[in-house]
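Heads up, there are several structures right after this.
Below, chain A partners chain B and then partners chain C, in two separate complexes.
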Partner chain A sequence: MMKERITEIMLPVTSVVLLLIVWQGVVSLHLIDPFFLPPPSSVVSAAIQLSSNGELERDILISTERALEGYALGSTIGIVVGLAMGTFKTLADIIEPIIEYFRQIPEVAWIPLAILIFGLGGKAVLFIITYGSLWPVLINTYDGVKFVDPLYKRAALSLGADALRMFYKVNLKAALPRIYSGLWISIGIAFRSLVVAELAVATTGVGSGIGYMMNFYYNQYVRTDVLLLGMVILALLGFIAQRGLSVAMKRLLKWLPQF
Partner chain B sequence: MNPRRIWLRVSGVLVLFGVWWVLSQFQIVNPLFLPGPQVVIASVYENANALLSAFGISLYRLLVGFALGTASGIAIGILVGWVKTLQKTLLPILDMLRSIPNLAWIPIAIVWFGIGNYSKFYVIALAVFFPVMTNAYLGVKNIDPVIIRAAKNFGISTFKMLYKVLLPSAFGDIFIGLKVGLQSGIVAMIATEVVASTAGLGYIMDQASSFFKSGLVIAVMLSIGVLGYFLTQGMVRLEKRYAKWSIRSGES
Partner chain C sequence: MSAKPYNGRQKTKIQIQEISHEYFDASRKATLYALRDINITIDEGEFTCIIGPSGCGKTTLLNIVAGFIRPTKGKVLLDGKEIIKPGPDRVMVFQEHALFPWLTVQGNVEFGLEMQGKPKEERKRIAKVFINMVGLGGFEDRYPFELSGGMKQRLGLARSLAVDPEVLLLDEPFASLDAQARRIMQDELLGILGQNRKTSILVTHSIDEAVYLADRLVLLSARPGRVLANEKIELPKPRSRSDVNFVKTVEKYDSIIRMEVNRAEGRNVDNQSAYIGGSDRLSQP
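For the complex of A and B:
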């Protein structure tokens, strides 16, 4: 039993470690040019070098801040509009075609216009992230409220629920699982739009974000190891954010059967 | 849909256009950022040829990337779902790679494949690959074991197992992956072109933006929305058409 558990965990870990060793090996033996594929050791040393003056930490901090800020803003708008559409049918009828259309435009397609409006810098990045994380939350919230089991509604009505209670105790609560899946999708989108926005919106100065760091070190010093470092950091940040979200949501939604 | 709903829908769009026109006509928003609808339409007309060829280039990239990502995603997803050893060894590596945001691959893809079509194919294919692979894997993993045992009892060959059992059973899941993959493929198409490119829709927007031609920027943006809408609708149609091919447990 115990032995099985150990192999269950060890096998995946071994394969990942093996991959890293092979990766380091083929590059160290110069089977692949280290310029094209910097080995794990150079990625680690790039991290050490860049964090020696606190630059890397600043980049991480500012990028995380942007991603979370845009995500929070986008999700809030998404939840509010989604709830409003789910509650007021007329409103939903009026804006549904507009929403159906605008969510087809990827957030990255807004980059050139965002640069025109907000100029180069953090504001444009924030706009892109907000726009990107808005739609999954909005659509899921709206669907969640729209498809609330009518049985709940009738039960609440016959127990004498007023409009406010109906909204808060029935519509909102029943839609929570869907809102959660929207929030889950959006956190991934927040990080994917973060990196493109930062790559395209070249802000100036050291410590302007991870995308900027990748751009700067590659364009100035042709440092491919910094490109890989940026990818690793973005992956870790996204992973941590998703874990945090799922822990928070499990606490909030304890009373739901599926959690 | 009753007439009232249709009327409401139409009026919503009309109001949007009205507000847009008023905002630009009376210069409430700087027309440099938000030119009126008439300017946007005019810039489509003026740049019709460039727009058409950019559409062609972008669509070509999307199609090649989508085909590559779909083929490899379905193949590897089924393999990982079917072979238990791969599930324990290859899947953790794929999971690790999946956690890198697709678009973070753009700079290194340019180093590897240059600024032309190949780096675009690569990033679009990656963006399509992961959702397709994940869904194909889940589809195969969740097949009712009774179906597989029945097939084995009839002495089915490996090829037939794949073609008659695995693919049809996982069809529904794979299609979900295709739909998600198409969406993220479109995003990757635009992102790769906006970050660095010499042709395509993203490139035109980028150029127009640096010359402050916001009318053209908005025109391309809006047409990307139309493109996305039609591609998604096409996918839904395809799914309906081929849904009968899929088998669901419990149906005869």
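For the complex of A and C:
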């Protein structure tokens, strides 16, 4: 048992460490120009440099806030609308064609328009993230409620459930695994659309956050190591966020065999 | 432990009156009769088993009594009142048990009690009684996915009995169990109900099971289901499968059903009476 736990943790850790060694080695041995692929060492030194005046921390905070805000907003809208659609068929019939159309538009396509509408800066980025997070949650929530096994409904009716309690004690609970799927997908999208939106806004010369940091230091000083730093941080943030979601939902979903 | 004889007058519990049910079969583009002119009277405390060849409509009939389906003709009365929708006075135990996977054993059993508005302490108390009654004591905090097939069926039973229904409906509840577990569950069911004498209707494919359990046996014909037989089984309980009368009864119904199936399959060549509307030339399978 103990041995399993150790291997469980050691394996991924070992592979990451190996990757870092190879990466560092490849550059240190001059097989690749450090300009094009900054080694871990320069990523770390860039991090130290940029945190000396609190700049790095501030950008991380701003970006994280945006991503989480947009995610929360998008997910909430998605869940509310998804639940409503799954419960009221007429509503679903009305909204579904609109969804089918809008979900095809990737969130990044909205960037120019978003900047026009919301101006330069945080609001536009927030809009993009919200938009991107919305659709997977909405569609999965809707499907989750729509496809609740009718057997559960029959069992509940037989046991005396009324419409309201059928909704939040049966439909909602039964739909949770699908809702979770939507939330899981969306959190990844939130962090991905974050950087794209920030980079796009940053090209205008104004902005904040990690994307802006990356763009600024590249434009001004051609700092590829800062580019890589930004990528590493974003990957880490996304990873932590997904882990956080999984832990948070664990309590609600412990009745599933896979948990 | 022999069966208690009925004493005095037998109160009529359920009246199935002139039930006919049509449905639209999309694959044949015709309206079919599932059931025709079903009339059955069930007394209080009677354990009724409904058997018949596949497709005879026995599950449809049970669903009508449960209130899940409104029959196209006729009505069902419970204590004189017409049944129009499902409710805890006629709880169903499903073949696929339909347990709520997000609730523990305790939660599932308490569900119906919660719907009745019972306070928390009382719910826990009542649920505990039934959990122990079906032999799931100690498993209160387990989730359905952790239970075996037999245990799931017991949970389904406990959940339904906890609301103290007027009538217990069982739709092939033991069909998914292996032969051994099935026999055990049959005895357990009798044991549990023996204390309550609850009016029950059980639908099954197994003639053996029906004769073993039933106070009243109803046999439906092949589609459209008509009542071919409706008789009381007066063998004392618990019944012995080697008892000569038991064997005779099983044989009797077995041969009736065989004849019925043959007749129905032979009849399929020009099956006019089963259909209303639709094409007059049927395609052979």
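FYI, the second predicted complex is superposed on the first by the 233 of 259 C-alpha atoms of A that agree within 3 Å, B and C clash if a C-alpha of one lies under 4 Å from a C-alpha of the other, contacts with A are read in each partner's own complex, and residues count from 1 in each chain.
In this section, a contact is a pair of C-beta atoms (placed from the backbone, for glycine too) under 8 Å apart; a residue touches a chain by one contact, two chains touch by 3 or more.
Since we're looking at a predicted model, the values are computed, not measured.
When the two complexes are overlaid on chain A, chain B and chain C sit side by side with no clash.
In the superposed model, A:Ala235 makes contact with chain B only, not with chain C. Once chain A of one complex is fitted onto chain A of the other, the partner contacts of A:Asn215 are limited to chain B, with no touch recorded for chain C. Which of chain B and chain C touches more residues of chain A: that partner is B. Look at A:Pro40: by the touch rule set out above, it reaches neither chain B nor chain C.
Contact with neither chain B nor chain C is seen for A:Gly121 once the two complexes are overlaid on the shared chain.
Of the two partner chains placed by superposition, only chain C is touched by A:Lys173; chain B is not.
When the two structures are aligned on the shared chain, A:Pro97 is found in touch with chain B, with no touch to chain C. By the touch criterion defined above, A:Leu157 reaches chain C but does not reach chain B. By the touch criterion defined above, A:Trp255 lies against chain C but remains apart from chain B after alignment on the C-alpha atoms of chain A. Of all C-alpha pairs linking chain B and chain C after the chain A fit, the shortest spans 14 Å.
Against chain A, the residues of chain B that register as touching in their complex are 5, 8-9, 11-13, 15-16, 32-33, 88-93, 96, 99-108, 111-112, 186-187, 190-191, 194-195, 202, 205-206, 208-209, 212, 214, 217-218, 220-222, 224-226, 228-229, 232. Chain A meets chain C in the complex at residues 149, 151-152, 154-162, 165, 169-170, 173-174, 176, 254-257.
Residues 66-68, 85-88, 90-92, 94, 96, 98-104, 111-112, 114-116, 143-145, 159-160, 163 of chain C are the ones that touch chain A when the two sit in their complex. Interface residues of chain A, counted against chain B in their complex, comprise 8, 11-16, 19, 35-36, 90, 93-98, 100-102, 104-113, 115-117, 188, 191-196, 199-200, 214-215, 218, 224, 227-228, 230-232, 234-236, 238-239.
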